[in-house]
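We just call them A, B, C, D and E in the order they show up, numbering each chain from 1.
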Amino acid sequence: MVPLVEFENLKVRFKGERTVHAINGLNLSLQPGEMLGLLGESGSGKSVTLKTLLRLLPPKRSELEGSVRVNGTDVMSLSGKALARHRGGEVSMIFQEPALALDPVYTVGEQIAETVMRHKGVSRVAAMDVALDMLTRVRIPSPERRLKTYPHEMSGGMRQRAMIALALSCRPKLLLADEPTTALDATVQIQILLLLRELQKEFGMGVIFVTHDIGVAVEVSDRIAVMYAGNLVESGTAAEVIKNPRHPYTKGLLAANLHGAVKGQRLDAIPGSPPALETAPDACSFADRCPQATNRCRSALPPVVDISGQHKVACVLETANV
Amino acid sequence: MTVVADTAEVAEPVRKAPGYWAGVFKRFLNDPVAVTCTIVVLLLILAAIFAPYLGLNDPYKASMIKRLKPIGFPGFPLGTDEQGRDMLARLIYGGRLTLFVGLVPVVLAFFIGSTLGLVAGYVGGWINTIIMRTVDVFFAFPSVLLAIAISSALGAGIINSLVSLTIVFIPPIARVAESATASVRALDYIDAARATGGSALTIIRVHVIGNVLGPIFVYATSLTSVCMILAAGLSFLGIGVRPPEPEWGLMLNTLRTAIYINPWIAALPGVMIFITSLCLNLLSDGLRSAMNVKD
Amino acid sequence: MSKTEASFGQTDRGGPHQPLIIAKDLKKHFPIRSGLLNRKTATVHAVDGISFEVQKGETLGIVGESGCGKSTTARLLIGLIELDDGSIIYDGDALGTDIKLKELRRGVQMVFQDSYASLNPRLTIVDSIAFGPKIHGHADPSGVARGLMGRVGLDPERFAERYPHELSGGQRQRVNIARALALSPRLVILDEAVSALDKSVEAQVLNLLNDLKEELGLTYVFISHDLNVVRYISDRVLVMYLGEVVEVGPADAIYAKQAHPYTASLFAAMPSMDPDNRTEEPPLAGDPPNPIDPPTGCRFHTRCRFAEDICSKTKPKLSVIGGSERHLAACHLQDTTSGHSQALKEVAE
Amino acid sequence: MFAYLIRRLVYVLPVAVGVSIICFLLVHIAPGDPLTAIMPVDATQEEQAAMRSAYGLDKPLPVQYAIWIGKAVTGDLGKSIATGRPVAGEVFSAVKNSLLLAFTASVIAFPIGLLLGFIAGYFRDTIIDRLVTAFAITGVSVPNYWLGIVLVIVFSVQLGWLPSMGAGPGGSGQWAWDYAHIKHLILPSVTLAVVPIGIVARTVRALVGDIFSMDFVQALYAKGMRHGDVLRHVIRNAAPTALSVMGLQLGYLLGGSILIETVFNWPGSGFLLSNAIFQRDLPLLQGTILVLALFFVSMNLIVDVAQAAIDPRIKRS
Amino acid sequence: AGTLRVGMTASDIPLTTGQTDQGGEGMRFMGYTVYDSLIEWDLTSADKASVLIPGLATEWTVDPDDNTKWTFKIREGVTFHDGSPFTAHDVVWNFDKLLVPESEQYDPRQSAQGKSRIPAVASYKALDDFTLEIITKTPDATLPYQLAWILMSSKANWEALDKNWEEVAKAPSGTGPWKLTGFVPRERAELVPNEAYWDASRVPQLDKMVLMPLPEPNARTAALLSGQVDWIEAPAPDTIPALTGNGMEIVSNAYPHNWTWHLSRLEGSPWNDIRVRKAANLAIDRDGLKALLGGLAIPAKGFLPPASQWFGEPTFEVKYDPEAAKALLAEAGFGPENPIKAKALISPSGSGQMLPLPMNEYVQQSLAEVGIEVEFMVVEWNQMINLWRAGAADPSVDGSQSINFTYFIQDPFTGLIRHLSCDLIAPNGTNWGHYCDPEMQALFDEIKTTFDPEAQNAVLRKTHEKYVNDALFLMVTHDVAPRAMSPKVKGFIQAQNWYQNFSGITIEE
């Protein structure tokens, strides 16, 4: 089966006032209908990974290497009409701040309908019907009325639902969700997470769900991939990664998430802060913060070790175990 | 102190961070256009200040025989005006008054307007209402109209021009200052400073001024060219600087009829106004981007 | 800890059993102006009569949905906004009658959520921290500041002269903590102080807060929407809904059993950490109601599974439940006399 | 929307009163006797005194203000000292001519300014942007009264293509939209248009640049919108602000054309004003300034309301 | 035939109801065109100074027994533009319009312009339809000159227009050679010939004359060069080469106008010393000044232009002789090392002031060279008029010892008497410098009481000789009233007068 998404040795570099090596040799694939949680702290390259799939990075300032394929199509080779069809048609995206990602001067209905018209070539009236249908599907109360409201007239949760309706309106095969619930309250967040889970089943699309909250990743993902400094450090099924974390960074994150922390006891915090990425890494990026780091970690890139089935870890410590 | 050792920062080279203004300065220096314009403006100001020491001809000495001589006439590098006075000397001396009347109102309005805006923005309440509603009333006049109205009411003369232009520029500056102050005041660090028990005056001095002065200053610099053109316009209308003082707007006026004899000479004061205001505008733009001020 | 810093702080007056701070019936309504002549047309009932106390040396966690009035409460406690009603008693002294705001502020300090906005971008780190001691006439403000930097894990040699934008979020939040400590307060209010930080950094800061508390004998009011964090750090937890307290009690007791349906929903909304046991049903539908026009009776009745007529009519009182006299909830279900059909049954269980 | 309109109207009232007080005071703080200009130079003291009381200039200031404002609200702005004609009529016909000029200048300036600004914002930080910006800055830096003189020399005197002054063969009273008249509009309105071109271009450039860097633009691309669609969104977002800048500029054009009208002998409000200034014709001066300022205030009002009407982000409760 | 389009220097169309405003230009274009006065100026010759001639009065006599009683024969058969006949009763009606506030037709605006022109008039009455009697306050032989100011508007027209002067302004009616057919304030006025004019030789030959106010000199020049007007008043000197270069014609002629410094004769004024006054007059290179004015000036030889019928033969020759000036000053005890200090009032603009700033600076320069140091007090024109009325002793002039004024010197009273008469010392009159000399006063009285025109001219010449010999003013130049016109304009004769005759003009198409 052709994987829905396939990154092969992706490297992304930003030029400008200072160079940022945002993605450094990423290998990742996603099967159709699969829901992947992409986990990592701020600046680890999650958003850049997603944007690569839509070719949304600023063309002049970014340099890309490696290959990215969606459904077997090389995304890098797309342009013009094909690219526009790809964006929103094949792959669509939900953003962290729906308040910023929606055009403030168009109604929600217009914005959904516009996408539908563009991709499905239907009339305005038909597109509005689709929009109404989508708003109903994302369980927005009184959808007819909401069709005619502007984004700023909605609450955060409502806006995110509208954003999801927009993203799904053209039945994409792949949905990218960039921290869609970070800005929301816990009670609303869980509503959105469950909604996404449900819609994913209903539409059968593949989803990459970016978050820095392990709990959120667990709630939605079949598989979890942990990113650090522009590369994956560990990936596997949700259960494998949570119950049997192998990379020191993953372990640290779980500890920091107060998973099973005892009150009053010191937390096993990961010391320090992430690297600046000004140069391409030639060793384990985590070595500086790793309590188990050895000279070997600092001298070469870590190997990717298959623990079992899907469970992969990029850490020297695991070589011994295999 | 050892208890927090595990959270201490990973070693980084010791360095002394450059201050904000140092950063602004560096960015400004990297902008060739802004630097060129600054040099031009500085040269003009220096020339104006040191005019008496530049070995120029007497800008007031007239000679009927040598009137309206072309550029390059022996002894008069830029020719002579309608009374045979040396254009070069008059343009340089003219820079004195023109720049004075063009810049001083903005400086005065900067101080007065910023103070009003700061007080209105920080204190709020009815003080804000009084100050800002008054400002609104003055805002109801297009600036040119207001300047002309006040100047014509007060009559010609340098002081009157200064007064009227200052009045014209106080309201816009006060507005910018007020909104900048109000937005800074809403930031948490002001609350944090208030929570430490600092008095309003201390907080304004330490925490507010430094953060609002930038945008106000940039805005004020953008007004200098407007002010200069306006000041020259008042003189041009005959309600600004009085003859025989050399002032570019006035020179433009008195040389108007000479356009038929020696258009280049007649154009010179206009060119000077244009160059100066162009440089002031570009300088202000440079400052704006160096200080990262959004419109 | 050197002598000078200790003597710069405040001394205990009320004794160990006097709560450090008591909030009585605090109210804050924000007017909304619009319409003709900009008249007041509506009020946001941001904080609507809440009472609680904070014991010396404890950490009180405050949780609740966005907009329920957590920050407003914090700002009221430190006098950044004026009370509409109610009173604050600090170590036995009533604010306004026994002590002045300025004195209260030496004992109470605050750390804000947005680490960047809470630092003056034009001041160096050391100047920001030294501001408080300086205006209080301390002899060596920058000495105090450098000492505190060391204590919060920032090498003064390297960081003192830097500006906020040159620091990471975690480092900035350490600076904010140091700044709050500069006047040697006894109570520190942390308003979402760790929410914006990455998980790994958050843990560092939580460790730091625990260390400081122990070392300096501090009392915390810790505001957060992350129940895991609140549980980890708090001794007692206060749950707010639409400007009111719905439940307050020892952290462990509340985590073990939530007395108020809202608290229960809030806990149920936490993402599960078990991939085999994910949340199936959203515990609450929709958003919280608008605080401009809060529901009558129990404010939660519009979203409550157990709501009955009585809930929309009578406002439940905050009362002791389940034996622990420090565990209170405001729910008709917990009140045998409320007339709620499920109330007795619930208690009978 | 209606309530918003009313609120804005009510808000305008105190401003209008303030404006009228300033207008009134302006001409009364002035030194010199306003009657000088119209009396023969050797008129006697009694003759002057008689004239002064005929114009009510011998009463205390507050009384004069009350009389003036009381009449002004009924549309009677008094009589010109210099001509004896009712000020209201004079101002009305002059403002009409100024509006003609200001509108023509706007018709020239706004499309050019919008287009240039849009192009520069779209190609931000490229050579095109820099060229446009340079052009715009030149526009705001050039003293337009001087430009006017230069244009007259070139196009009227040297080339003889366009008339140098006036409002047409029959004067403004016989204005018609034919070439004989329109050609009189060309030079003054082009001169007048230079500054607003610069200002509109610069504002729109910054505006469009900002909008292009907003997140929703990326989101538009992300959902497969083509360039044209994105431009449509950007324009729609920029429209309210651009509209208000243009509205304000129109107001400025009307109030700021005095120098240009003087240069071109255009029978508008600026020309009237400069006559009034030099003749110290108090009622005329007051009336003209008042009408222009009130026009400007109403312009702001209209702009605000229009902006509120087309910008859904503005609360219209 | 054809249309003559005139660019005036006024900023507005002059008052159209009869007695015009806007000074000499108003009288020129809206006064003597639409209206007539009883006695008029002869505008037919360019070569000799113009003199008074009969207008609406055909002859006038003064009663030999009672020198205050004048009788005027009114011209018969004259009609107003509205068709109503002109009679002696209309003259009375017009006098009442100016002098009697109680009268129905009293018009403050016209009165303000006309009343002060006829100070001699005490009373008047119509003896019959064509005989008018005027009584003067004191014997005053300058009455004919005064009456040349007063224009006659139509009573019938005023009555037809509801006795409303504002309406009359829109549709005025006079007896003049031109009829006003319409005007747009500040923009244009249109005049057409009055074919029924009583003096057939002055019926205009043009089809139409259009007046346009163009106060800005550059705008006037540009308008002429771009063909928007055919005729401009007072082209700026610097534009003249361009005008002539483009085929325009410059017409000029001497006329009774001077550019002087009126000197203060108060206690302490340096000008009280005749040697200083003479020195100042000798210090100025008037030919240089003429160059500054593009040649459009007549260097002053006296207070009146050299061609004036009243110039006489003064012994003091006004010329450029700096050495003599220095000698005179040395005699008075001053010199370049020990200069006299004087303060002078000037204005940067003002009607008829030529180029006040450059000219004054030039004068200042010249005086400095011989040892008179002048400091200027520069005030606005309107302020200047006030200061001129207030007189040299008024505190508002701030101790200034001279005032730069240009004087209209067309008739004995305005030309000579009003400046130096003892009973007209400011602020009661316009004797700004507080000069009072019995000898001069006697001459003035003689002018007023000499009713024979030739004898009166002789007295006037004597008066002017004293003006010059005593160097009572700093006499600088005379204006030549230049006007530029397109070569299409034919048949214009510029009289040596403030007013001009437009009737003979034609436009060559």
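The rule is short, and it goes like this: a residue touches a chain if its C-beta (ideal position, glycine included) is under 8 Å from a C-beta of that chain, and two chains touch if they have at least 3 such contacts.
Each chain and its UniProt protein: A = ABC transporter ATP-binding protein; B, D = ABC transporter permease; C = Glutathione import ATP-binding protein GsiA.
These numbers come from a predicted model, not from an experiment.
By the document's definition of touch, common neighbours of chain D and chain E comprise B.
Here the chain-to-chain distance from chain A to chain C, counted in touching steps, is 1.
By number of C-beta pairs in contact, B-D leads over the other of B-E and B-D.
Averaged Cα coordinates give chain C a centre that lies 91 Å from the centre of chain E.
Centre-to-centre spacing of chain B and chain C amounts to 49 Å, using the average Cα coordinate of each chain.
Chain A and chain B have Cα centroids separated by 50 Å. Among the residues of chain C, those in touch with two or more other chains are 171, 204, 207.
In chain B, 6-9, 155, 238, 256, 259 are the positions where the chain touches two or more neighbouring chains simultaneously.
Across the assembly, chain D contributes 31-32, 149, 153, 262, 278 as residues in contact with two or more other chains.
By the touch criterion stated above, chain A contacts chain D in their complex at residues 54, 56, 84-89, 92-93, 95, 97, 100-107, 114-115, 118-119, 150, 152, 166-167, 170. Within the complex formed with chain C, the residues of chain B that make contact are 1, 3-9, 12, 14-17, 19-20, 187-189, 191-199, 202, 206-207, 210-211. For chain D in complex with chain B, the residues that touch the partner chain are 14-16, 18-19, 22-23, 26-27, 29-32, 133, 137-138, 140-143, 145-146, 149-150, 153, 203, 206, 210, 251-252, 254-256, 258-259, 262, 273-274, 277-278, 285, 289, 292-294, 296-297, 300.
Every residue of chain E that touches chain D in the complex is listed here, in rising order: 11-12, 15, 21, 108-109, 112-113, 115-117, 165-166, 169, 184-188, 212, 214-216, 218-219, 222-223, 225-228, 242, 380-383, 385-386, 388-389, 414, 418, 427-430. On chain B, the positions that touch chain E within their shared complex are 60-62, 64-65, 67-68, 82-83, 155-156, 238, 242-244, 254, 256-261.
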